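These are the structures, in structure tokens.
Okay, so chain A shows up in both of these, paired with chain B first and chain C after.
Coming up: the complex of A and B.
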């Protein structure tokens, strides 16, 4: 009975996902016909000229997400080690509730905070690089880091807490210090869960929309020669989500190629976030369980 | 009476949690190179006393230990005592074997490695001697790199013993080390305990009176009086088990 049910729901999940992908592929057919594979590699997006290349937005999405991960993961792992291994159980529960509250704050609120606090800070701090404004990829990345931090912390904390306390006691009984126990017993065993927290946070970061929209500057066709340069990150940019949520989407609806190009962006985002989430979920499963 | 010095001496050792006292005023001396048995009904506080002997009690939030424990005449609670170094010297074997998800040899060297940086050859020697001492060497010498979790439970318990032995402890605390094992593995551990006492001192919590008789030299009975665990009598194994004047002992022994 449970087996049939679990099969049924797995099938339902796959079918739903397949249907979703199907719709997006079908709706984006015109742009694939129009651009071919160069839709993926082309750097320019000028919809009036019917030129559609997604590269600069893929760049924007990847860069803000990477900045977010680089900032959030070390802090998040550190915080998780602290909550899981150092805090007394009851304090830990309180902290977990606080973190879950933070995770539930709507993106637009973070966006407003970003405008209020972060934009000027980035502009002033990196003045030496002469940014044109405080609306930059870096600003969006930092804001995203704050937003995905709770995800990294809770998932990592769960992963660490899942290691049986008998393992801790056995290690301490051998004379290992708490720090040694954490590094040689707990973290190695929680590694998969810690990795999964990164991938699931990455999925969130790539899909986050409103907050990024408010601080990223939304400048089309910004694609530097070198993806990894601080100067380039101090320019305004465009992510897949900030593009899709802009008014261009409404304009596009009347034009099947333009609409196809917008839906195609959605498709790419879906694949990117889906892959991160899926890999992350498989990561959490034990290899032999 | 034995003239050898007490390697471990507790005086008025009490352990309490905020709501109540778990064990009170335990004063016992444990002679070097002996097997000191601890028996008593479930919940009396045997494990609690045992854990106080190497300050594992520090790791339980809310647990308060008063009184004293002396190792070689020095208080283990004295300020400046390194509790981690103490736990390497006073090792512990738990009821259930806890192996780390690593190879057999890595498990053996787990505690020893941190104590000193060892060269490869010294590591190999140490692993072999610890496994020999734990009577596991012949069974695993061809698969030292195999995962420890693949061993049988009885072998895992001996692996845990080897792991503790690799840190060169003077005292080994064993908390019902055979209660999860089959009769043959139990026999193996008991034979081991008898051999180990030539070089180590062993404190053994057990519910098994046959085991206490078989391996024990001295015995202490911890029973519950007035809702608090207390040391009710101690002495040689037979003298304790034959105490008919202590009601709790009498009841415990006859009901086994």
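Coming up: the complex of A and C.
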């Protein structure tokens, strides 16, 4: 009985996840038929004309995530080194609890703070580059950086603490300073875990919805000539998630091609976040365990 | 020179940690300072009036609690089943590891994807329209990996001698599960659920197409077309045009209440987690 119930509920979970994946593939078929590969490569989103290409949104998602990583990873690694290598165990637990509280702050509250504080700060600080508003890719990226910082700290701290204390003692015994121990003994061994923290944070950043929606500006078809243009960071943009959570989702249902284009965005997002998460999870495994 | 580099490293690491904590402190300070004045008894007991500019958030709070309770009740049996699969029923290490990887993969799925899934299946195909049950079920999917992994870890921490003693007494495998494994690990289920619900409480994306509206809903009496109000969606909508100062103070008050709810849920999960941690280090 217990065994049957376990199997039944587990299969229900597996079937639901299978259904989810199946639905996102199947419901996006119309747009693939309609646009072909240009759905992936082209920068055009005019739903009244039935022209759909996701490039500007993939660009937006990647740029805000990269900005977030560039800002959050160095600080996160630094903080993790401090909690894991400098703090006594009890204090370290207290700090980790506070960091996890920070991780639990809802996206909508970050979005609210972004609207109130960050938007104006970005607009004023970068006035020289004449941004049209404070709702920019950069604003979303900075906000995301704060949101993924706890993820980076917690995972990196775990990776550093996984190195046995005997190694630290041995290195100190050989006359290495604390910093030398960290850089030449601890970090090289924790490299996989530190890398995993970046990938898992990337997965979170790409999938974060509410906060990004509130500050990114939601400007369709905004793709600069060069992907490496820094000025473009000060323009409004659109990410995959900010598009999916907009009211366009309600409008699109019933028009199979438009709906297919929306669901297709979800599928692309699933592939992007899934790749980051799975590779990251693979990295956290120890090679011999 | 070596001493100097040593000091610089320590200083930089300290500054990074301080920055992370300062962000938390600053965030809480701003929310409390702006939201505090709006908090009063009436704020919790009255319903919204004038598009959020007056009144309180009674039904928003109730709606959020209904969604969380539904998510808890729906995710618990599935989480127990999955955790038992991993610890008891699955024989090969490969299939266990596939199950664990699958859970991590689900944990990485963006919540908006679950929201769209719920919109297609529950709202459209099942014809429920916006419904508290649809939102609760979708939130259950969001928190399922957290609950399951916490339960799995607790099951793993049960000493083997307990199981051996029970088996020696002649208990069958399902008797061992009910009398030993689940009885010893219910704390893991609660901890995991609290952590999951702390995350679910603030989510907008999974519920905005499936369960929640901004105004005009109270206690749901059916499944179909029975939306609820909710705290995060309330903040989400008001944040988009927060120019009216009256709305502003209510808006920050709602944010403070939501933050308080989320922090209480995470902190409530703390004692069990610390105990597990201690046992892992000394046991």
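In this section, the second predicted complex is superposed on the first by the 270 of 289 C-alpha atoms of A that agree within 3 Å, B and C clash if a C-alpha of one lies under 4 Å from a C-alpha of the other, contacts with A are read in each partner's own complex, and residues count from 1 in each chain.
In this text, contacts are C-beta pairs under 8 Å (C-beta built on N, C-alpha and C of every residue); 3 or more make two chains touch, one makes a residue touch a chain.
This structure is a prediction, so every number in the text was calculated from the model and none was measured.
After superposition onto chain A, the modelled positions of chain B and chain C are compatible, with room for both. Contacts of A:214 after superposition on the shared chain: chain C is touched, whereas chain B is not. By the touch criterion stated above, A:39 is placed in contact with neither chain B nor chain C. For the three-chain arrangement built by superposition, the Cα-centre angle with chain A at its corner and chain B and chain C at its ends equals 90°, in steps of 10. When the shared chain is aligned, chain B and chain C each come close enough to touch A:180. In the superposition on chain A, A:52 contacts neither chain B nor chain C.
Touch criterion met: A:189 reaches chain B, while chain C stays clear of it.
Within the superposed three-chain model, A:233 lies out of touch with both chain B and chain C [touch as defined at top].
Which of chain B and chain C touches more residues of chain A is settled by the count: it is C. Of the two partner chains, chain C is the only one that A:97 touches; chain B does not reach it.
When the two complexes are overlaid on their common chain A, residue A:13 makes contact with chain C while staying clear of chain B. In the superposed model, A:172 makes contact with chain B only, not with chain C. For the overlaid pair of complexes, the smallest distance between C-alpha atoms of chain B and those of chain C rounds to 9 Å.
The contact surfaces that chain B and chain C form on chain A in the two complexes overlap at residues 177, 180.
Only residues 54, 56, 59, 61, 84-89, 91-92, 94, 96, 98, 100-101, 110-111, 114-115, 160, 163-164, 167 of chain B touch chain A when the two sit together in their complex. Listed in rising order, the residues of chain C touching chain A in the complex are 2-3, 5-6, 8-10, 12-17, 19-21, 23-24, 27, 30-31, 77-78, 80-82, 84-85, 88-89, 101-102, 104-117, 119-121, 124, 141, 144, 173-174, 177-178, 198-199, 201-205, 208-209, 232, 235-236, 239-240, 242, 251-252, 255, 258-259, 262-263, 266-267, 270, 274, 277.
Those residues of chain A whose C-beta lies close enough to touch chain C in the complex are 1-3, 5-10, 12-14, 16-17, 19-20, 23-24, 27, 74-79, 81-83, 85-86, 93, 95, 97-102, 104-109, 111-113, 115-117, 146, 149-150, 153, 177-180, 182-183, 200, 203-204, 206-210, 214, 241, 244-245, 249-250, 253, 262-263, 266, 269-270, 273-274, 276-278, 281. On the side of chain A, the complex with chain B involves touching residues 88-89, 166-177, 180, 184-185, 188-189.
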